[in-house]
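A, B and C are the chain letters, set down in written order, and residue numbers restart from 1 in every chain.
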Amino acid sequence: MTEISVGLMLADHWISIIGIIIGGICIAVGVHFVPVGGAPAAMAQATGIGTGTVQLAAGSGLTGLLAAGYMYMVLSADGAYVGTSQIALICATGAVGAMIMISVTMLVGNWVYIYGVGVPPASAKRDYDPITGDSQAPYVAAGTVGQGLPTVCFVSGTIGGLLGGLGGSLVYCMLMWVNGDPAISSIFAIGVFLVNAVLPSYNIQGTIEGFHDPKFKRVPKAILACFIASLLCGIIAVTIPGIAALGGV
Amino acid sequence: MSAGGPGGEAVSAETANQVDIKGIGVGLVGIYIAGISGIPYLAFLAGIGAIFATKMGADAVRRVCSYGIGTGVPSIGMLALGMGIISAMFGLALGKMYNAVFIGPIVGLVLALVIGFVVGTLANKIIKLNIPVMERCLMEIAGAGVLALTGLSVMIAGSMDFVVISEKVITTGYIAPVFILGALGILHPFNASLGPDETQDRTLVHAYSCGAIAMVIGGLCSIAVIDSIAGMISIVVGLVIWYVTFMGFVKLVKRDAGAGYVGTGLLPPGAM
Amino acid sequence: MDPAMGMGLVALMGAAATVAGCSEDLESDIGSQSNPNSQVQLAAQVGYPHRIFNKAISGEPPSNAMYCAVGAGVAMVLMSESVMSASPLIAIAIGAFVAALLNGVFATTSYMGRSASQTRFNQYVYMDVLRNQILSLMGHAYITTFCIVLLSYVMWNQHLINHPFPFPVIALIWGLCVGAIGSSTGDVHYGAEREFQDFKFGAGLNAADSGNITRYAEAGIRSSLDNAWFCSKFGGPATGIAFGMVVFLDNWRSTAFAEVLNGWGAVLVGLAIVILLVIYNRQIETYARKKYGPYPEYAGDIEA
């Protein structure tokens, strides 16, 4: 068995820690972009997707992770070195995978709102949609705070998917650099992802409409919290070597 | 989501300290006997440790969620398990690196407690959730997560060696059911009993039964990893624990529902 | 791999995903899982006890992730050479069966537990409600798990797509994904429409009516199986299309365009798909605004 110690692992892989922190912050900011209305949205009582923040962010980010994991394997086939430019491609693949997942979900969600429930999408946080300029207030049903996904929420959601997928894939790549084992890296990436998705969802108290929502101003607090949490997770995760380094097969 | 009942301290017959001592004590003892003895037929003891750890986590979820944490019950467990899996594997890997496998579970546990405390402080001080029990409960849930994950992994692999666990549990992917069953074991008991008439003993009996389910599935996986006899022992012990606790749960449901436990019938009088 | 074979596999995965999405949504509608559950839970508290199945298994994504991960784990055990080297189809079928059993256990405990925790509101624990719905829940969970484990197997098998993640981890991720999609799309049809069918069509739930769920059927008292019947007309299939589209589009662009521009082709095609979806969403938004018009109750001074 080769000599390895925690100090040596940290010294060798400090760059991965930075990558994991950046990834974690991307995930945290991404969660703020995803328009989730929580339980009320499922009753067409609030604008946004009718589910929990963490669940949706995890669903999209991890779908992106699957695409990124496949791309990493393709690029590193036959022992090819995975450098910065390859990592850019892997992260872009993951980000787009997450974007596809979240836009399809929002689109079909809107089908259900429009054709199944019979409501026009409208936001109650703004009088006019900041992107299309459409009036919103007259289209909000009585006793509700909006429903469905107007264009601004939709666009915000795709940005959220982009950041979430990017962050998750970056964390995965950084872990692959350390241990080279897709199994360990994927399960740790899921762990880091969940930590960085839950903390921001406490920050927005479970619901947000997107970047036009006043709650979006709370982002700095989540960035600070996730910086510390990712730093801790990163330090721990990069000191776990792959089994090859420990004398396994 | 609020628990539906009045906010604040949850009523409990078994105090948090008692639950924690049992959870950590039985959890560690089980893992150590199973991991150090090297006898595959004792592997099931780690599973029993995991059951007690699950119960400790479920009790912490029960206490923290009675405050209403802004988003659903499950998120807090996902947070804790996310931290837990990294700490658990770090503990085991550290033990291997320094050729002292026996320090693994303890290092993992301590680390999870530290991260739980830090993240709890972050949630309270920076994000300003202001839940008085947040730090302690996150420490407990993360600790329970580590013990449950380590316990089930050791039970499947029959060893505390990181290389063995890595090869037999992580690379094969059995870590996925272990991870999610550990999480659901901690989350489901309180979530399934949500409501103002929730009682601690019912929730905790339910936690045992969820832990036992995880043990049965873990035993099934260990058939492919250790050998079929060790796996069958875990499965049978798990099934027995599950049956006893499930029946206990049904009994407590009958007790709590009182006259409302009916075979069939229309809506209750006054509600038609 | 031969491109035609690759496309065939992607199509197969998309088809399996469509079925899985549909049955996942119906399962959660029968059990009133996920967000519409909050109204079922609230109903008794505001004086409307009911005979609707009330289950919550830690949120839809984690519970589906659990069924799929367990299904894949059991299938993996059966397929491994040290056990019985079972053929994949049989192994996946048995794995899905075990997952369906877990679904039954978790659903039972949450129905009994949640109803018993509302005794003070006169909410009964009906044994016949449990018996009537539980097999239907397990059946739907079986279909969901079978399809997702099957598509994960196709992704993982080294002769097919050869994804580097372990088989159960892939199933876990797809399980999370189908749960997230089901609770965001199909559940709205149940929560906003079927649960409040007494109220006028064309509006969300007025906050003042929270908890006043539809408890009576066309004849007699509404049971959760009726809800699956209703949601299978639109919410379920819509969820199926959503999950099928996610699996198909994502795999299609990464399989068919992997070689274009050193891999950046797949990224660009993905971006193009997203932009198309944004445009299409804008179109149905304007359609709905024109068709339905502003709410007549609106009294503010913003022009519609």
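Methods note: contacts are C-beta pairs under 8 Å (C-beta built on N, C-alpha and C of every residue); 3 or more make two chains touch, one makes a residue touch a chain.
Given the structure is predicted, the values throughout are model-derived calculations rather than measurements.
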{"item": "Contact-richer chain pair [A-B vs B-C]", "value": "B-C"}
{"item": "Chain separated most widely from chain A, comparing mean CA positions", "value": "B"}
{"item": "Separation of mean Cα positions, chain C and chain A [Å, integer]", "value": "20"}
{"item": "Distance between chain centroids, defined by C-alpha means - chain A, chain B (Å)", "value": "26"}
{"item": "Where chain B and chain C are represented by their mean Cα positions, the distance between them in whole Å", "value": "26"}
{"item": "Multi-chain contact residues (two or more partners), chain B", "value": "1, 72, 74, 78, 170-173, 175-176, 179"}
{"item": "Set of chain A residues in contact with two or more other chains", "value": "38-39, 52, 55, 58, 183, 187, 190"}
{"item": "Numbers and ranges of chain C residues touching at least 2 other chains", "value": "38, 59, 62, 165-166, 169, 172"}
{"item": "Touching residues (chain side chain C, partner chain B) in the complex", "value": "38, 41, 45, 47-51, 55-59, 62-63, 65-66, 69-70, 72-74, 76-77, 80, 82-83, 98, 102, 105-106, 109-110, 112-128, 165-169, 171-172, 215, 221"}
{"item": "Chain A-touching residues of chain B, taken from the complex the two chains share", "value": "1, 69-72, 74-76, 78-79, 81-87, 89-90, 93-94, 96-98, 111, 115, 118-119, 122-123, 126-129, 162-163, 166-167, 170-173, 175-176, 179"}
{"item": "In the complex, chain C residues that touch chain A", "value": "34-36, 38-39, 59-62, 155, 161-166, 169-170, 172-174, 176-177, 179-181, 183-189, 191-193, 195-196, 201-210, 234-235, 238-239, 241-242, 245-246, 249-250, 253-254, 258, 262-264, 266-267, 270-271, 273-274, 277-278, 280-282, 284-285, 287-289, 291-292, 294-295, 297-298, 300, 302-304"}
{"item": "Interfacial residue positions of chain A with respect to chain C in the complex", "value": "38-39, 41-45, 49-52, 55-56, 58-60, 62-63, 65-67, 69-75, 89, 92-93, 96-97, 99-101, 103-121, 127-128, 132, 134-144, 147-151, 154-155, 158, 182-183, 186-187, 190"}
{"item": "Sites on chain B touched by chain C in the complex", "value": "1, 4, 72-74, 77-78, 170-177, 179-181, 183-184, 187-188, 191-198, 202, 206, 209, 213, 217, 220-221, 223-224, 228, 246, 249-250, 253, 256-258, 260-268, 270-271"}
